[in-house]
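The next block holds one structure in the form of structure tokens; read it before the comments.
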Amino acid sequence: MSSAKLNRRQQFYFMLDKLKVSVFKANLDLVHEGLVIHTWGNASGRDKESGLIVIKPSGVSYKSMKPEDMVVLDPEGKVVEGKFKPSTDAPTHLLLYKTYKSIGGVVHTHSTYATSWAQAGKDIPAFGTTHADHFYGEVPCTRKLTAKEVDSDYEVNTGKVIIERLDKSDPLVVPSVLVNCHGPFSWGFDAEEAVYNAVALEEIARMAFYTVTLGHTEPVDKYLLNKHFRRKHGKDAYYGQKKNK
Amino acid sequence: MSSAKLNRRQQFYFMLDKLKVSVFKANLDLVHEGLVIHTWGNASGRDKESGLIVIKPSGVSYKSMKPEDMVVLDPEGKVVEGKFKPSTDAPTHLLLYKTYKSIGGVVHTHSTYATSWAQAGKDIPAFGTTHADHFYGEVPCTRKLTAKEVDSDYEVNTGKVIIERLDKSDPLVVPSVLVNCHGPFSWGFDAEEAVYNAVALEEIARMAFYTVTLGHTEPVDKYLLNKHFRRKHGKDAYYGQKKNK
Amino acid sequence: MSSAKLNRRQQFYFMLDKLKVSVFKANLDLVHEGLVIHTWGNASGRDKESGLIVIKPSGVSYKSMKPEDMVVLDPEGKVVEGKFKPSTDAPTHLLLYKTYKSIGGVVHTHSTYATSWAQAGKDIPAFGTTHADHFYGEVPCTRKLTAKEVDSDYEVNTGKVIIERLDKSDPLVVPSVLVNCHGPFSWGFDAEEAVYNAVALEEIARMAFYTVTLGHTEPVDKYLLNKHFRRKHGKDAYYGQKKNK
Amino acid sequence: MSSAKLNRRQQFYFMLDKLKVSVFKANLDLVHEGLVIHTWGNASGRDKESGLIVIKPSGVSYKSMKPEDMVVLDPEGKVVEGKFKPSTDAPTHLLLYKTYKSIGGVVHTHSTYATSWAQAGKDIPAFGTTHADHFYGEVPCTRKLTAKEVDSDYEVNTGKVIIERLDKSDPLVVPSVLVNCHGPFSWGFDAEEAVYNAVALEEIARMAFYTVTLGHTEPVDKYLLNKHFRRKHGKDAYYGQKKNK
């Protein structure tokens, strides 16, 4: 039966099932891509029409997790469906979705190299074209949260320092931020693209680590950064099979 | 047949078989998780009721090892059952069990990064939330053993310096210690949790290595350490599906 | 049916199909060898008789790619066959083929260690016999491109700085060059050998990274470099089963 | 048919077939253990009774290699059987066998970390018990070969500097040496044990690299070195299931 024949209510559940599968798959991909061990990560996705958010349950093992275990939240964080508690990081995801209408997927990991840069409290400089293909400028690291910000509404405040650090940047142009002493959050058009960006971030963080260890600290020239970012993004993009992406 | 129908003696062997399988699996998991090559590691578990300890046989290859090869020891180290000699590190395990009633599993590995910190004779500083989620404060490194401590009762003395270094800490709050010039010991509620902690330790040791190589040496703020540890542990924990863990 | 029985036109398509399969396989090998994630690489091959070049399509996922998706170009870059746009790096490949008659395969990757050296803007010194077996002297790194070279005909200019840096070297004696702030290009007698050289390069770049981190910066003695290169290459080669290679 | 029923000539070929399989397997194990890529390694074994040596053919791909491709040499290096040329490193293997009656297997690799130490021209210090369990004291690095030693009889001279560096050490107590600017040779009672030692060496070289990067340079105390080496080796060994090894 094609989805066109479904009534409104059926369509709604059809969409929700698809979103659950996509978020479930994104969570497993974090493990398969080597970005997450134990339960050190979470992925979510948003349905743009209804505004509902689907997120990983808290502390559930990746081995036993099933698509129907995903938790459905309304934009305010109220559990709409699901037998589990949502990821403890849900308030961070929710604030990012509320602030940035363009994003449809968020992932958080403790991937090794990106987390090491976050622990060092340093932006990842744009050292080459690999970086420039994915991030326009350095991958920013937030300031530390204050004791007060940690002690109450910690997860909401984590979202706030990410947004504060992104400032006026387009989140799809800088699709990752490092939270100081914590680790990376990445996002994208949907959950799959958020995972894609988290994978790119980790490899870029790794190369940047080797680059600085080789004694190099100077970022790439602005004109090369622009060239590579624009080869892949925006109206003059000529990478890939579509004119614009 | 449910275990409830077994008589006391049958129940005892039923428990022992289950413990052997669990310790066998923990030993193999050390290999699968990449923490052990050759025979460079060992795992044990304790039955809390009888006090019996099941441990890997010494120098037996992981490829040929079977659950029934596990060695059963009484708390004093006497072999109760098993055709092999126990791991040479058994006296260290035994002393840890005797000292800490709360633990039911101990593992020892020579995992790459944790061992490198041990060889450098350094505590692993708590650099971020990944660390704080698992260890309350630095992962401590013991002092070196003296020539006398090495020359007689070496394995017992290894246990003693671990306990000396833990001092008054709760072993479930600091579930790993590095033995100077040697490598890590980890423990937990049971053998499975001990492996879980050894995996977390190795990843934390790896990130800490990159963090210091990036030139950062300052540990995380105390309030962030507290926040993350308490998110996962103790009466106010709100991570995972149960209120307390 | 043996290819000897085919008419000229049939032979032509037979050759083209074989080249497409070989280039397709080279592109997948870059992934299997761990040199490429996402779509961060491309491989091409040339038919020496017709001069036609087969190259990966731009931005197509490795998972869905098929041999018939490869794009056929004439030496000037005109698409002769194929439904996709060629790799954006095609003009670099084309210039290398035009300049060096001896090469029949070119690959470009962002492999981790080679790219880190490129980001640091440094030649990879010949530190040992592993290096000398494959590269006669350091793996050269180009100068940076100027703003003007980046802003127009970027991919052609990338080829030009590679050629400028190789200077009078035989490209089969120095089968890789690092493009400053970008990454490595490797080549060989055919696409398969180009991949072989890219794999060797990455491992050599990795060892060189560890060597300099250990505090060593002096390249190998010239007489040892000569010895090892000539064991494998040229008229006095005595490595392998053939007298000359 | 049991080997006891074979006549002398049949027994000889029976032994030779077994040795070929064992050497073939040792060569593949070098690849499976991650110590060798491309054809960057070789393993050999010796039959103690006949003195015949079986070694990998030169430059033959690991993918296509079969047990019957192994080359049989007499102690002077004359090919006794086999359709291929032996490994170019055969003269190094032969000199080690001639000099050390106790060894029955030799392997040469360009494994990443051990080769990096060799390229840096540095002994690997004994930093901990992992090292002491396998090597009694530092893993020695040879002096550089002179131009004259490289230009004639290079592979024999490689064997000579290894022996010069081992000096009066028992080769089974120091079962690996790094050849300066080149890479490691390891050996053992048979080819399998030589591979075992090469695997241990690479992991020890890796840990030592991290240890020095953490700023530590002091080797382990002599009494701890002695203790661990003797736990596993010699008449007072108590590791494993046999009293002596």
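In order of appearance the chains are A, B, C and D, and numbering begins at 1 in each one.
Heads up, the rule we're going with is that a contact is a pair of C-beta atoms (placed from the backbone, for glycine too) under 8 Å apart; a residue touches a chain by one contact, two chains touch by 3 or more.
In this text the structure is predicted, and so the values were computed from the model without any measurement.
With chains reduced to the mean position of their C-alpha atoms, the one farthest from chain B is C. Inter-chain spacing, taken between the CA centroids of chain B and chain D, is 34 Å. Averaged Cα coordinates give chain A a centre that lies 48 Å from the centre of chain D.
Within chain D, contacts with two or more other chains are made by residues 213.
Contacts between chains close into a ring here, every chain touching precisely two others. Contact between chains, as defined at the top, is found for A-B, A-C, B-D, C-D. Of all the residues in chain A, the ones that touch chain C in their complex are 127-130, 133, 196, 199-200, 203, 206-208, 210-211, 213-216, 220-221, 223-224, 227, 231, 238-241. Residues 37-38, 40, 57-60, 84-85, 88, 110, 112-113, 115-122, 144-145, 147, 150-151, 154, 181-183, 209, 212-213 of chain D touch chain C in their complex.
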